[in-house]
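Several structures are given next for inspection.
You will see two complexes here that share chain A, one where it goes with chain B and one where it goes with chain C.
Moving on to the complex of A and B:
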């Protein structure tokens, strides 16, 4: 009989090898899945894993996809450590796109270096405003922030649709639900000529290193960790739970909003109803795959970017279903959660609990060893 | 066969520790047998082996001459070993009968079962009413329920872990009468306690453990409390006693404090007033669950106050956060070590940052100084003899007594002007308790005001200059400890005013 028992100390080796084990098992299960649906598994896996690295354009696209994932997940992981569960980053991302895009349209045709920073700021404020609703409801009335932040997402998506069909619609756009295409001063500077790799990619490492410093060496990071691990000790230490809730939701909302503004003005270049494509939800996987550690999150975002680009590549080349990307990401989270169990627990083989009270007593103390063999 | 339980060269290893090293002893029929030892002496490990929670690496157990190898507590109970834990495992919202039925396989809390409980409780002189809700019972009554639950399985051996630590002196006396009654009916009891005087009263034999080994077997009736303590620690013991103080100005003053109850079984504090002067130790006694948690949390600043005031050097601290109160010179050592005073998953270094950030200079402008925190942790470890591999050890890995030494040491090392300590030596062995007591006395002698909230009357009587009793959310007037007799304290703990009940019963 096998039994799960808690480890005296969490295994640090496993903590950092689980993401690799999970990635490995995801590849194995994807292989089996391709086999079942009658697709050449090696060829399909080749498209998923190799294609994203095969040429310089794909490699730059990896960075373009990874940047918003990393920005959102960096904010989320801060909150997840403190037991503040912002599940609505998708909505905050959408609001960031709306506010950033609306700012760009308000200054349509106006040139100046100040405009793009203003757009970023507007995006951050939009995400923060959206996240302030769950924060206020949780701190004032004890409403669960998971439900509120999640439901706010649907409002945000519909709000975007309404705006691009109405006030923000392109006046010369033949009634298509789209805004004008943003002008030059309103779009992020390109980092690598000839690609879509924009300035937002350079922001990621700066934010990651700052948040790493904050969690490692600053009282704020310590208070979030303490309140997350042992809330009562956090109160004893004089830290305020309400302040932590606000801080986490404002940082994660602001970063999701920034990612939204960058996405709308950068790779997309206008406001369209299809801006929210699930980055806010995928970022939850990124946060856990990166072990809620700011530097780990950056690498995890790259891994998930591979699943997007490789999945799309396999879809195009082998006409596989569009659900492929979601299936791969779901498998990855599934295996991650399975392996995560073993960070805190281990399996042990134990003797059957009872073999009848009296006979067991007569076989002596060795019974526990022979019973398990 | 005269022996009920025989333990022969039982050995149990944990990584890095030999918890039981060839332990042998036996418990005879109709005997109350004391198991004595400091924290970490190996008592808990031994008891866990007897109750089937752990399996020995080596050695044999026998119960009434038959080999005894319990694979789990259920098997131990079936074989005839019952155990009453220090902390009860009862559901407060359920009835006595339901709680007892839960612990017994195949029983249902119906009328017939209730009748059996009544018969058994009358037979053994343990009055319990099966239909009452646990939450409404006193601590002494809850303990009776635990004992009755064990007796329902007609055990040969009953293990009791620190049973009097939660009782008033009167309740403890009742328990002793009960235990002597059980002994006369042929039951053997393995009795674990730190209170040496009650062991001399109650037990016919004692096994003393130190460092995982049995170091002595004796008849406690022929020993003194002091000689027993010295066997346990293997050295001579000097119990520190507070010198008469010459108190200075009032440092801490609580005025007519009202605090709402915490949770459905909490207690409402009703007009609690007290003052502690510089150089003075004020003791607050009383049985747990009479408002100690609420008083402590209100002093720390963790819970809202409904009325009254808390003044530190004449200035109100209401509305100030725990950190701000520490900044004003007030430190706190709460009762619950893991989960309140300390975070189990963090290292000792990180744990110093919980309460000592400002006073010990471990943080400047919000940036943490881990080097300074590690030095502070190492200092506490050294001064209070905390047994650990070092400041990088996680708190969870420390034993209860060592955690207690660290968490109270962390506060004393900050040299506070006012220290509020709850249960400062709870679960700590005699030598470590003496260290903590000496440090508290030294702190008071240096001019600090010390408030000790404790259930251990011996501790309060040797440590405090004045003593007040908390009962049902009301605090009695503090009186010089030397003037209070044990009978008076007991009456106050039972909730009667000094003038009323005491004279009626005296």
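Moving on to the complex of A and C:
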């Protein structure tokens, strides 16, 4: 008889090996899955895992894909540590794309080194404005920020669609719902000639290191951790929960908005209704895979980027279905949650009691408020 | 309109001969789909054509497809990967892939690209589309003859010329056979959203429509029509399985003959850029078998209409033709050029309501 019981101390070893174990188990599950659907598993895994690293263009595309995921997840993980659940990064990302893109269009044809920083700023402000709604409702009226931020996403997507079908539509574009292609001075500088690797990729490590410093050495970081782990203690220590909510939502909204502005002006180069492709939601997986740690998040974003680009390679080379990417990401999250359980809990063998069923209270997994992953 | 002319001129100027290919290896042909390949609509027709293409040429070619690619940042990378991996002819089967295709085509001058429904061309980038308005003209004749409430409902996606041509063509055909007919249009600003499509169809039926036409891709309007005992017209594929009684016919696209021709051109070394816009004539547009409910005399009229359109006889938009505001668009005896059709951004006279702006 096995029983789940809380560990006296959270397992440090498991805390940091969990992402690797989850990745390993995802590969094992994918291997079995490929066997079941009658595909050569080693060949398929090779395409998924090796192909993205096989040439310089694919490597640059990994960075292009990982950059927005990392930027968004860096902001989200700050809030998740403090029990502030911003689920609407997708909407803040979209607003960033709208505001950055609208700035680019407003200064169409204007040359100037100031333009691109202005676009980034506009994107950040757009994301922050969108995140300020759940922040205000939570701090003033106690409305759950999960629901509000999530629902704001749908408004953002519709707003983008309305704008590109109306005021921001390309005047020479035959009424097609998309903006004109941005002028050269409005697009982010390219880091590597001949690729799409843009300056946004260089921003990621700077933000990551800054947030790492903030959470580790600054009082704000300490207060957020304390409020997240033991809210009561945090309040006794005099930290304001409302300030934490505002701080986390402004940082995560601003970073998601920045990612949106970079994505619209960079790889896409115009405003189209299809800009929101789920980065804001995938970034939630990235944040947890990266252990809510700024440096971990960067590597987690790269891992998710591999799943996207590797999934495309497997499609091209072996005609595997497009759903493969979603399945792999789902498996990764599944295994992560399983192993996460064992950071705070352990299995213990218990001798079955003799005669008759045992009282219900003693059977089944014991879950208490204390501890936990 | 300027833009299209500019690009047409550009296409001719850029039409430098592409290198001949080595004959030994199978020709690699790539396809990019915006939706899953079995989407019961637009993409499925392209996928069926790809399968037919592969069967036609056997081991002389090998085809690849990548499905469910959004119009966001992924399209450019995937098109580029197809080009990099030795695909010599790449079909990108959605308007939303136009700009990414243009970008990649510039980087791979030796690869031939074809974009469906786009308007930008280059020496190695051709465009192709079907004259849907011909199909909708024939369906308009059918709707005009079959309606009892004299009201046709139309579930439309975006107010772009490609969709407006269909609305106008259907209305003009219906009015020709039934002067009392009215057309009601609901714009839902999406190509695929079963919920919105069903809501729009329901609203149209409540407004008295007993014929539901659609330029959106899910079978939801057909289902709503079936439940409400009115008639409907399918889009892109034969949708009669979703409403066996309601579905009078569906407009079906057949891309296979075009794909076969273009691959043959590459094999022969005669591939050239350009714009292909075909209708009933070459069979790119067809109507699914008409419902048994359609009486023989109506059937004969629709078939005659299709025969005329196939032969290039009467043009659906032949003048005299006014815009909704009463201003003259096409003078008596004139027929619009393709460029004029491409710029159609208005309702013709007689259609109620105003266009969303």
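To be clear about the criterion, the second predicted complex is superposed on the first by the 352 of 373 C-alpha atoms of A that agree within 3 Å, B and C clash if a C-alpha of one lies under 4 Å from a C-alpha of the other, contacts with A are read in each partner's own complex, and residues count from 1 in each chain.
The rule is simple: a contact is a pair of C-beta atoms (placed from the backbone, for glycine too) under 8 Å apart; a residue touches a chain by one contact, two chains touch by 3 or more.
These numbers come from a predicted model, not from an experiment.
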* To do: Please name the chain, chain B or chain C, that touches the greater number of residues in chain A.
  => C
* In the overlay, answer first, second, both or neither for which of chain B and chain C A:291 touches. => neither
* Which superposed partner A:47 touches (first chain B, second chain C, both, neither) -> neither
* Is A:81 touching the first partner chain B, the second partner chain C, both, or neither of them? -> neither
* Structure fact -> chain A partner, complex, touching residues on chain B are 15, 55-56, 59-60, 66-69, 71-72, 74-75, 78-79, 300-302, 321-324, 326, 332, 334, 336, 339-346, 350, 353-355, 357, 363, 366-368, 370, 394, 396-397
* How about chain C: which of its residues touch chain A in the complex? -> 2-4, 30, 36, 64-74, 76-78, 80-82, 84-85, 95-96, 99, 119, 158-161, 189, 342-343, 345, 356-357
* To do: Note which residues of chain A are touching chain C in the complex, please.
  => 55, 57-58, 61, 64-65, 161, 165-166, 172-177, 181, 196, 263, 267-270, 272-277, 308-309, 312-313, 315-317, 319, 321-323
* In their shared complex, at which residues does chain A touch chain B? -> 8-10, 217-220, 222, 225-226, 229-230, 232-233, 235-238, 240, 351, 353-354, 357, 360-362, 364-365, 367-368
